[in-house]
Amino acid sequence: MSDLTEHGPMAESDAPIPVANIDDPHLREAVADPHRAERSIALCLFLGIVGVAVFGAAYWQNWKPWTLGLSFGAGLFFIGFGMSAWGKYLMPQGPFSEARHALHSSRAERDAIAAALVERTGVVVRRRSMLLGLLGGGMGLLGIVSLFPVLRSLGPLPGTTLDKTNWRRGSLLVDSNGRAIHRDELQPGGLVTVFPAGYQNDPQSQAVDQVVLIRAQTTALVTEKGRGSWAPAGYVAYSKVCTHAGCPVGLYERELRLLVCPCHQSMFNIDDGAVPQFGPAPRPLPQLPLYIDGSGFLRAQAGFDQPIGPGFWERS
Amino acid sequence: MSPVTLPRTQRQAKAARGPYGRVGQVIEELDDRLGVAKAGRTFLDKIFPDHWSFMLGEIALYSFVALMVTGVFLTLYYVPSSTTLIYHGAYTPLDGQRVSEAYASTVNLSFSVRAGLLMRQMHHWAADVFLGAIVIHMARVFFTGAFRKPRELNWTIGLTLLILSLSNGFIGYSLPDDLISGTGIRILFSIVLSIPLVGSYVAFFLFGGSYPGTWIIPRLFIIHVLILPLIIIGLLGAHLFLLVRQKHTQFPGGGRTEDNVVGSPMYPTFMAKTTGYLFMVTAALVVLGGVAQINPIWQFGQYQPDKISYAVQPDWYMGWLDGALRIMPSWEFTAFGHTIPFVIFLPAVVFPGLIFTLCYAWPAIERRFTGDNEIHHLLDRPRDRPKRTAAGAAVIGLLFILLGASATDVLANFFQVSLNEVLWTFRILVIVVPIVVGVFTWRICLEMQGGGADIGKRKRAVVMTRSATGEYTTSETAPHSDDQREELEPIPVPVHIDLESSDTGDGSGVRTVSR
Amino acid sequence: MSRLRRAFSSRLVLPGAVVAGVAIGAILAFGGAATGASGASTYEPSASDSAIQYQNPPRSYVPAGQALFATFCSSCHGTEAEGTYRAPNLVGVGPATVDFWVSTGRMPADNPDAIQAPIKPPKLSDKQALQIAAFINSLDPAGPAIPKVNLNGANVADGASIFALNCAACHTITGTGDELAFGTFAPSLRSATATQVAEAIRTGPANMPRFTGNLSNAQVRDVVAYVTEYIQHPSNPGGFALGGVGPVTEGFVALLFGVGLLALIGYWIGERS
């Protein structure tokens, strides 16, 4: 024991340390009747034990998630409540304080470090500006080159990928099961999602080639000047990729003749070339020109006349 | 220094331990090796202010703990791969369908792993609550001016934590590769694409090619479980370290000054309260995870680029961006062979950039406008800084209107009004509401400032009596017994609490001993 | 020898015939491949098969139907169902259309000027709906007839996939329905019978597209099975479904019950002054 007072850390100061006392009005528990609080907290902790035990049983027996959740939640809650109540009601109630020593060091200490930095750097670089320049150049080049894994290894470069789809002259329209679309297939008011034949199962082409084919009427539909032959027998085809943010425009309102994009509610009228009537889409949906081949199946006259989907810097 | 010889008998051992028993002996051994006794005692004496609003950050911290624990469980089952397979499992409407391994593993986790669904749902609820707690904690820090010198660095760290957590949450719920979160990834691609000059390059670099590709799921996975959590944990450590080093702020009054910290000592009071809070936060998340279904991906099906659902919103903390996308007018600028889709670029890239820049710069802005470069450890009451409070309220109003704007279709359906009208309403509200909220808040602050010293005290009831002649007189009731509570003078943490002795010495109630 | 005989007696006839046969066979085969695995090029919507039986209501229903029509429908649709400025022409719409609108309670409409008639408790019984359908069909017989869906052998996985591609865009992937453009809406699918779902798919009521040739009876049956089983009775193993609209309600719950409740608990733990 004598070892402690001689060598322990507390022996550094002999100043009296304030000690509290039961009569000290600051040091009572927060509640008037601590025993009652103790009983309530004991009950809480007991319920917590029950909850956790039930959770253990429920887990072992593979019961439903709601039993797992409620039992474990109740168990944890009561244990936690008991702990917090113990801390709030049964511990010595303050308020206690400590001094907030100024964070900053003294003027001498600040000057010391500043001096070390400035003077020692001065010693190192005095009349050695060429070395410094070389070092700086090396660091700079290193910094640039260290970006190369992010800039050059990642790829591929976009190239013209964003401008193109797989639709060509003569592409046969097929649905997601690969069935070709015959002119008698849809009644006015029908719609189907189509792809160029052979591409319907590839996610890469699903993303850009997807076209919504709508039979608006039984006679040819002229959506814009110069597109008289684009929608034979009332079959009109638009790129399904919204020109706003790329969501598939699958929502068609038959009587309003409106394609609505479910993401941000851009609305496109199919009668005038899918020009956006409402909502944020900035451009019409590109229209795919169609024709009906000798066997009565729908095919594309050509690819799209512009890149599909949302805008990007290289889009002209 | 420990005794030169090791004790031989039980009585020698007991004597060697000293007055503090085995605990003292452990301290002895640790201190011999690590020298932690003094720092340890200082740590146990640390005072934490008790105000309830200081506990909001703890909700965030403990939700993050829950996220990590449940997250580890999820990583044991989730397969981060876009390779497809034919699903054969517990959920019949998927049987025989071609799905990605990521999706299949998530469905299997939900249906076939014991407590898997509970863990998955708890993880998702914890993410939503985590971000809500960060936001409310950040609001408290902002409105009380806790970001002022010397805590600007901590504000910056906290803001960075917010941005990283937002990103990690979005990435996290996109990992199952389901129809709804996949739509969000498609929109992410379009947003990156909209950046002028470098958009298409960054988009192709991130996705490993054109959309969708097979790289994005594995890359998002490693970002979600390794890269961002590492940075978040590091910054969180720095956030808490600064808090301990600079000590917590406190409200004025009750003996609190710029030179002290008044509250509960770390051990045992604060530890008890905060550990209890940890349990209760976890409990809330467990209950939510068990009884409230969230993100039922088996109903949504595997993501396919040509499929889409209606009523697609991102999780709430991304709602402000989705709302901005919905209400933005359709501006796109095409000239000289190039296009800048402002309709996407402004709301999804520039706008959040501006908001976060404003938040990062706010301590500097306030220093500039108030000319105040003093150290502050005492907090402001929000009403005492009407301009700051009004500015913050206006921004919060703006963000909540945008959050509401992301639910235009759901709101239109719920209230049975036209979708188009709802959208135009939000376009108007997004301008009007921040201004109105800002002005109202400013005026309310000014009026509340006139409250005086009895703000917060129990109000005295005013009794009106009518005399026989019909006159009304008013009188205040007598003060309530609790109003007589005296202002307590804080005292330093006691060394030794002696509940038995009644020797008060100088009558102050404090007994001193010398060692 | 005639020119004809000389032509057929040539040494090139047999190989020529073989080549021609192979060429015709190849053209048929490729043409068949182009139309896809199923072979048939169109689906006749009213052609019954094992998946769906289309039946017209019995002719004996017509007089009763005429009387009901006169009472409940003619004020808006005209005495000969020819339509007025308030309601469309019903001649030739087919019995499935009429049965759908009446048996779901949309018709008779309470407010004919509403943009879209909502579902409500039907005013007329199912038999009365069929009687009116018989009457309308008698004016001008047209398809589709009332579909009786045979759910045996339905493939709900195919149904789910078709639902996600064609239906979820308006009705949402959980079938809750949502608001569309200019006051129109896609209704919730929770209360539709199997027959009503099939009728809606084949007839495309109001703004709904008409799925005729591009969905076979088997595919419609699969969708009907998926809707009546999994959309209307989701297992919801995770607990309360919170309305099935996704992150909107989830966000509410997280902020109110998550953060809000926990902040209240923090309020209890901490001090107030």
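Per-chain residue numbering starts at 1, and chain names A, B and C are given in the order in which the chains are listed.
Everything that follows uses one rule, which is that a residue touches a chain if its C-beta (ideal position, glycine included) is under 8 Å from a C-beta of that chain, and two chains touch if they have at least 3 such contacts.
Keep in mind the model is a prediction, meaning the values are calculated, not measured.
Here the chain at the heart of the structure, going by C-alpha means, is A.
Farthest chain from chain A (centres taken as the mean of C-alpha atoms): C. Annotation: 46 Å between the Cα-based centres of chain B and chain C.
Mean C-alpha position of chain A lies 35 Å from that of chain C.
Chain geometry summary: the mean Cα position of chain A and that of chain B are 17 Å apart. Counting partner chains per residue, chain B shows two or more touched chains at residues 50, 117, 121, 254, 273, 276-277, 280-281, 284, 288, 290-291, 304, 306-312, 409, 419-420. Multi-chain contact residues of chain A (touching two or more other chains) are listed as 65-66, 69, 84, 87-88, 176, 193, 248, 250-251, 262, 265, 278.
Among the residues of chain C, those in touch with two or more other chains are 165, 168-170, 180-182, 237-239, 269. Residues of chain A touching chain C in their complex: 64-66, 69, 84, 87-88, 172, 174-182, 184-193, 197, 214, 248, 250-256, 258, 260, 262, 265, 267, 278, 295-297.
Partner chain C is touched in their complex by these residues of chain B: 50-56, 58-59, 92-97, 110-111, 117, 121, 125, 128-129, 132-133, 136, 179-180, 251, 253-254, 273, 276-277, 280-281, 284-285, 288, 290-296, 299-301, 304, 306-317, 319, 403, 407, 409-410, 412-413, 417-420, 422, 456.
In the complex of the two chains, the chain C residues touching chain A come out as 31, 34-38, 41-43, 45, 165-166, 168-170, 180-182, 184, 204, 206-214, 237-239, 269. Within the complex formed with chain B, the residues of chain C that make contact are 155-157, 159-161, 164-165, 168-174, 176-183, 185-186, 226, 230, 234, 236-242, 244-248, 250-255, 257-259, 261-263, 265-273. Considering their complex, residues 1, 3-5, 7, 9-11, 14-27, 59, 62, 65-70, 72-77, 79-88, 91-92, 94-100, 103, 150, 154-158, 161-162, 176, 193, 203-204, 206-208, 210, 240, 244-248, 250-251, 262-266, 276, 278-283, 309-316 of chain A touch chain B.
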